[in-house]
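By letter and in written order, the chains are A, B, C, D, E, F, G, H, I and J; residue numbering begins at 1 in each of them.
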Amino acid sequence: MFFMVQMYVNRPESLDDQQWNELRSREMEYGQSLMKKGTFRHIWRVVGDVSNVSIFEVDSNEELHELLSNLPLFPYMDVKVTALANHPSGLPEMYDYAQRG
Amino acid sequence: MFFMVQMYVNRPESLDDQQWNELRSREMEYGQSLMKKGTFRHIWRVVGDVSNVSIFEVDSNEELHELLSNLPLFPYMDVKVTALANHPSGLPEMYDYAQRG
Amino acid sequence: MFFMVQMYVNRPESLDDQQWNELRSREMEYGQSLMKKGTFRHIWRVVGDVSNVSIFEVDSNEELHELLSNLPLFPYMDVKVTALANHPSGLPEMYDYAQRG
Amino acid sequence: MFFMVQMYVNRPESLDDQQWNELRSREMEYGQSLMKKGTFRHIWRVVGDVSNVSIFEVDSNEELHELLSNLPLFPYMDVKVTALANHPSGLPEMYDYAQRG
Amino acid sequence: MFFMVQMYVNRPESLDDQQWNELRSREMEYGQSLMKKGTFRHIWRVVGDVSNVSIFEVDSNEELHELLSNLPLFPYMDVKVTALANHPSGLPEMYDYAQRG
Amino acid sequence: MFFMVQMYVNRPESLDDQQWNELRSREMEYGQSLMKKGTFRHIWRVVGDVSNVSIFEVDSNEELHELLSNLPLFPYMDVKVTALANHPSGLPEMYDYAQRG
Amino acid sequence: MFFMVQMYVNRPESLDDQQWNELRSREMEYGQSLMKKGTFRHIWRVVGDVSNVSIFEVDSNEELHELLSNLPLFPYMDVKVTALANHPSGLPEMYDYAQRG
Amino acid sequence: MFFMVQMYVNRPESLDDQQWNELRSREMEYGQSLMKKGTFRHIWRVVGDVSNVSIFEVDSNEELHELLSNLPLFPYMDVKVTALANHPSGLPEMYDYAQRG
Amino acid sequence: MFFMVQMYVNRPESLDDQQWNELRSREMEYGQSLMKKGTFRHIWRVVGDVSNVSIFEVDSNEELHELLSNLPLFPYMDVKVTALANHPSGLPEMYDYAQRG
Amino acid sequence: MFFMVQMYVNRPESLDDQQWNELRSREMEYGQSLMKKGTFRHIWRVVGDVSNVSIFEVDSNEELHELLSNLPLFPYMDVKVTALANHPSGLPEMYDYAQRG
């Protein structure tokens, strides 16, 4: 089951460079662990913006909320979730489900 | 080079069912030809809406505009284009370019 | 898995009273069949508006899209879907899943 | 009489973790007391967001305003209230009124 | 129980002057019957606009929805409802309930 | 001459409880003096919000601006003013002008 | 008493050129009669748009609403009214009231 | 050449009363010098708001930007500029150009 | 003096293909005559949209309004005008004025 | 390949005048180096605003994102990117590509 997730990051002034970079390292590490498991299927940077377009594949809304709220940068993000479904024009291989470990 | 394209379809009252279905058949045929060539990389239906989220991979803005304006349903769509770039957290294989024919 | 669905109905001028009432009868019949199966859990009228707030319980995004696009009034609706999850403050019985037939 | 209440929580930077968690505990305790009384009928988390969709059943606008303004997190919330009514398509049991103590 | 109701009237091109004036006469007659009963407490024209600001006093959301959906111009209106409560700064006589017949 | 005034109050973090409560006392005292004079005709609380809907009766725009800008909470408010006129459907007694002292 | 009035004109397809031009002639004639009386103090075209920025000087909201609703193009306009007051930085001669006949 | 300029003033918390009043004095002094030269043709207060509607007459966009960016309160303003032109309904004397010194 | 002009074209259903193509031919011819004169400095297509971003260089607001309102497609356009000025970071040659014939 | 980039600068209160002016000097120096290379083709100030309209010519989305995120003021900007293409009405010389060093 696919969802588009758009994340907009707002760095608060109260965090200094070291704290912010540490958060970002943990964010990347956590994100990549989800990518390797196959739940975090795509991520693109929006050009000129500190935001991204992501595609998640999960089994339930609850699973998605837990993944997102565990992102180290979650308290500093605005997140917009859009439920997606297979499109009748799409080729079958576009919706192959990941082998999740 | 990736772009997110969000298409919102508005069926005009002036087209009858036969005309509309013919346009949709041609739309699907044209879309799938682009998918097979590798320029139209992903398409998802937005749940509950007559719209989709699509990802295109093209060599230039001009190529993207030509592909979109040739869609048979283009005169009946609102289209929003977002330029995307590789994300530093993304795994390298996420940005493999298609072998386009 | 719960979703909030907000439906805004726009009656087109091209449909006469008989056609419109027939559509609404079929809408009510179809909706109530889903309510009896347990997928259509709640529906409220928004006071002063031709719109409603509905809660669906489904197994997947695909199931939800199919249910919604089969609504007889679907071509005349704007629909907004919000993915919901259990809330930590909610009492357990609030999330009892329906016995669906 | 039903109302949809959408609550968006904004944590201020001036509250430290201990103060915030204490407020949240009191919020959950107060909310659950209303749920047990039957005035706070439903609560769902919006996936990916620090907001919720709630359904209240009250006897008057004044009662609703008093309940909401007594929420411990009320000073840190944006709240949107929508008046609801029974829907003609709804099954009668959907509008059973709670036995409030 | 008070509600603010903002009504925006959109005259459709399909109604001729006679039909429109007849609807408006019935609208005024119906509105004034509610005013005399005390449910329709205030109405003001928004300067420069075909809209109004109205205050209703009703016993329930259901009563308000029924009153509004019976307005002869209801199919041609956008209506926005705001639930109101007594204000702590208000003088007691501001909230005297009407003697409704 | 009637105006609808919608006031949205934003409490700044820089004011402590004592300062804020003092301002609110002065606000209520000043508001009630205007109510007794008949210029401040109605005030309702918007349910679930720290805002109100008010109706003023004044002789000129300048008088209204002076009344509003003298509100002790004015520096912490967003204010929206809507010019109102008698409505042709309104009963004559709805527009009785106050005897202002 | 001054008001800013912003008028956005929408020509309906149902009026042919002759009908439209006749309406516009009557609009100009009526507008200029108000300008000569001194109630219609200023009018500017918004560059690139079929809209204008106007300043009216009237004695009451009712007078303004009557003037506007008598504009021959009123049924085809969106109108936004903003109540204005003298500005403390303004030179006294900026607020000289017109000698109205 | 006329422009409408709408200025919204946001007082920052970091400035104390003395600093703010000094800025406002300089603002008024500078504004009135432009009014006497004839470039700053009109200013009105928006009722209930800390904003104004102003009309400038300048020879070029560059001249307008320089005038505005030299306003002592410019760093604390949101400014919206609308290019204006003579309106065909306007009386000729409405567009008399100022004798600028 | 530079202005950014954003034009959004809405084709009405009442014009057939021949009428529309004739208008577009005249639009291109007229636009190119302005380009050759140097008043219409730049035009770009917005990718995926029937709109453009244009830069005009004119001597006055009146000149710009006359140029735009003479566009054959003007009755079918939404137009947004933004006044521009030289930017202090810009290289001098970026603001060379055209030799207009 | 052309892109319109609209930059809105928000100066944070935490930076003093010296820090801010140093950032702006570096911004101008960096911007002008891109202008000389031909990637930063145009920049205009929006009149009355601390924002600009810029045109970039780059070979890819990735190149554009790198250029923008290296702007010294990037952390204090809201940036909006619009993909552009040649317009069929444009004269060929309008799309001459820069000789980039």
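In this text, contacts are C-beta pairs under 8 Å (C-beta built on N, C-alpha and C of every residue); 3 or more make two chains touch, one makes a residue touch a chain.
Listed by chain with UniProt protein names: A, B, C, D, E, F, G, H, I, J = muconolactone Delta-isomerase.
Small disclaimer: the values here were computed from a predicted structure and weren't measured.
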item: Subunit H (muconolactone Delta-isomerase) reached from subunit C (muconolactone Delta-isomerase) - shortest hop count over touching chains; value: 3
item: Same or different contact residues where subunit I (muconolactone Delta-isomerase) meets its copy subunit H (muconolactone Delta-isomerase), judged by the half mark; value: same
item: Averaged-CA centre spacing for the pair subunit D (muconolactone Delta-isomerase) and subunit A (muconolactone Delta-isomerase), given as whole angstrom; value: 29
item: Gap in Å, rounded to a whole number, between the CA centres of subunit J (muconolactone Delta-isomerase) and subunit I (muconolactone Delta-isomerase); value: 22
item: Computed distance of Cα centres, subunit F (muconolactone Delta-isomerase) from subunit B (muconolactone Delta-isomerase), in Å; value: 52
item: Centre-to-centre distance between subunit I (muconolactone Delta-isomerase) and subunit F (muconolactone Delta-isomerase) (centres being mean Cα positions), rounded to whole Å; value: 47
item: Subunit H (muconolactone Delta-isomerase): positions in contact with at least two other chains; value: 2-3, 45, 47-48, 61, 64-65, 81, 83-86
item: Inter-chain touch pairs (all); value: A-B, A-C, A-D, A-J, B-C, B-I, B-J, C-D, C-E, D-E, D-F, E-F, E-G, F-G, F-H, G-H, G-I, H-I, H-J, I-J
item: Subunit C (muconolactone Delta-isomerase) to subunit A (muconolactone Delta-isomerase) touching residues, read off their complex; value: 1-3, 60-62, 64-65, 81, 83-86
item: Subunit I (muconolactone Delta-isomerase)-facing residues of subunit J (muconolactone Delta-isomerase), complex; value: 2, 4, 27-28, 31-32, 35-36, 42-48, 52-53, 55, 82-91, 94
item: Interfacial residue positions of subunit C (muconolactone Delta-isomerase) with respect to subunit E (muconolactone Delta-isomerase) in the complex; value: 11, 13, 45-49
item: Subunit J (muconolactone Delta-isomerase) to subunit A (muconolactone Delta-isomerase) touching residues, read off their complex; value: 3, 5, 12, 14, 61, 64-65, 68-69, 75, 79-81
